[in-house]
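I have placed the structure first, in the form of structure tokens, so that the comments after it can refer back to it.
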Amino acid sequence: MTDPNAAPQARPFALPVRVYWEDTDAGGIVYHAAYLAFMERARSEWLRAAGIDQRRLREKEQVQFAVVDMQIEWKRPARFDDLLTVTASIAGKHRASFSFAQRVLRGAELLVDATVRVAALDSATLKPRRLPEELLNACP
Amino acid sequence: MTDPNAAPQARPFALPVRVYWEDTDAGGIVYHAAYLAFMERARSEWLRAAGIDQRRLREKEQVQFAVVDMQIEWKRPARFDDLLTVTASIAGKHRASFSFAQRVLRGAELLVDATVRVAALDSATLKPRRLPEELLNACP
Amino acid sequence: MTDPNAAPQARPFALPVRVYWEDTDAGGIVYHAAYLAFMERARSEWLRAAGIDQRRLREKEQVQFAVVDMQIEWKRPARFDDLLTVTASIAGKHRASFSFAQRVLRGAELLVDATVRVAALDSATLKPRRLPEELLNACP
Amino acid sequence: MTDPNAAPQARPFALPVRVYWEDTDAGGIVYHAAYLAFMERARSEWLRAAGIDQRRLREKEQVQFAVVDMQIEWKRPARFDDLLTVTASIAGKHRASFSFAQRVLRGAELLVDATVRVAALDSATLKPRRLPEELLNACP
């Protein structure tokens, strides 16, 4: 999913995430859907780091984001109290959507690997719309 | 919490709830906060059974509900795949809020016992407001 | 992802799922990760309908299941109080894993479309293991 | 719920918690049960700060904790992207349980106020047991 000829990329954005009881299930490991929330936290922090205020975007420009598709592989389980790293880096940019490559790691160990496409929606109609200017500028 | 002099009440409203993996934690039991969602499902179905459409209330009359306080006791744990019964019955009615007595049972066994107070809010300002007429009529 | 030469399949297993407040987010729609829990509920009910008791499998045969990969497309949003249908049908069977085709619908309208691969794990070591016999027999 | 004659207490343990989409509901605010998870995160971090390793306690001494009762008041709503402070301080200590006073604040504004009682359980039987020594020593 990564172009091997791509120019060496800057280190991806990374958010530390602690695993709490709420994230686990009776299988003794982190519930598979919890990683989607972890990855969404990392995208929210990526946006903040890029100077994009989601609350302002919605209130002032009537833009909200929605995940439209995802390919995700759960390779190894995380457990209660693990300290994880969740990364996010831009993998593609289109007219009305952009894609992230995201990973969840425990130290150097890769636990989850995903590609996530996020669309911009008009928050009144929930119809797709052009990416906001400040996002286009923030994406390399 | 129940008035012993109250007239014998009709059997309380009851919703069956199956426990899935999402509801459990690595302690092997249902996560304590999951019962609050179960009880909220039962209140939503109580409202529906009383002919109250929460979506219409919000869109047409700008009313939404919010839980304002709760006393809750977790007595015994539920586990994955248990089939639970979640009850809701009106325990009190005030100008801007109403209270439910709620229980979570597995067969005859009482797992969780709670009293929950819910307020009516103006959905634009999130300020308390008078209970809507149709709710006052629905409460005994 | 579906073999076009496959014999016409029986109608897929379907579970009705009501959307409650817990499933929604401040975007006014169902949170994207909530659909993964909905789909897991449908798989759990598919197993039950096939006579497979996950709790017994784990306690007696030390087998538990884990989602290992997923391709998922969110096409249209669901909202609070919607009544959804979540389907599950076997899309493939391997030595240590099996795949489901899953959909979330509102009436005839397709909201979410996914392919989900689930592996059998030894519940002590969390290592992959051969699918249990009763599951092999249950899969067409 | 606080004794006004109590000796001035040390500043309570405090954990910053960011509100993400997963925590909100279609009412536009944080879902009421999400605060219970926030408070459980703060108790987990309180335990860690007190040198108590929950994972080791469970594996080595067969002790796990369970919330047994709670009184909670939701006073004001938090919203997406708010940065909250979640406090935890010991409010009582019994033979087999201990109580926390917990608050959720946004700056100086009090959003949620709770008293939470947590019991020690034998993790095999889930029966109450004496508090572990290291916890007794950690509680003032």
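Letters A, B, C and D name the chains as they come in the text, with residue numbers starting at 1 for each one.
Throughout what follows, a residue touches a chain if its C-beta (ideal position, glycine included) is under 8 Å from a C-beta of that chain, and two chains touch if they have at least 3 such contacts.
Because the structure is a prediction, the values reported are computed rather than measured.
Trainee: Taking CA centroids for every chain, report which one is farthest away from chain B.
Mentor: A
Trainee: Is the contact between copies chain C and chain D built from the same residues on both sides or from different ones, judged by whether over half of the numbers are shared?
Mentor: Homomeric contact, same residues on both sides for the most part.
Trainee: Check B-D against A-D and say which one is joined by more contacting C-beta pairs.
Mentor: Pair with more contacting C-beta pairs, B-D versus A-D: B-D.
Trainee: Indicate the whole-number Å distance between the mean C-alpha point of chain A and the mean C-alpha point of chain D.
Mentor: 29
Trainee: Could you please state the distance in Å, as a whole number, between where the Cα atoms of chain C are centred and where those of chain D are centred?
Mentor: A distance of 34 Å separates the two centres.
Trainee: Distance-wise, how many Å sit between the C-alpha centres of chain B and chain D, to the nearest whole number?
Mentor: That gives a centre separation of 23 Å.
Trainee: Pull out every residue in chain C that's touching 2 or more other chains.
Mentor: 21-22, 27-29, 33, 37, 40, 79-80
Trainee: How about chain B: which of its residues touch chain D in the complex?
Mentor: 27-29, 32-34, 36-37, 40, 64, 66-75, 77, 123, 126
Trainee: Would you pull the chain C residues touching chain B in the complex into a rising list?
Mentor: 18, 20-22, 37, 40-41, 44, 53-55, 79-81
Trainee: Residue numbers of chain B touching chain A in their complex, please.
Mentor: Going by the criterion above, the answer is residues 21-22, 24-29, 31, 33, 79-80.
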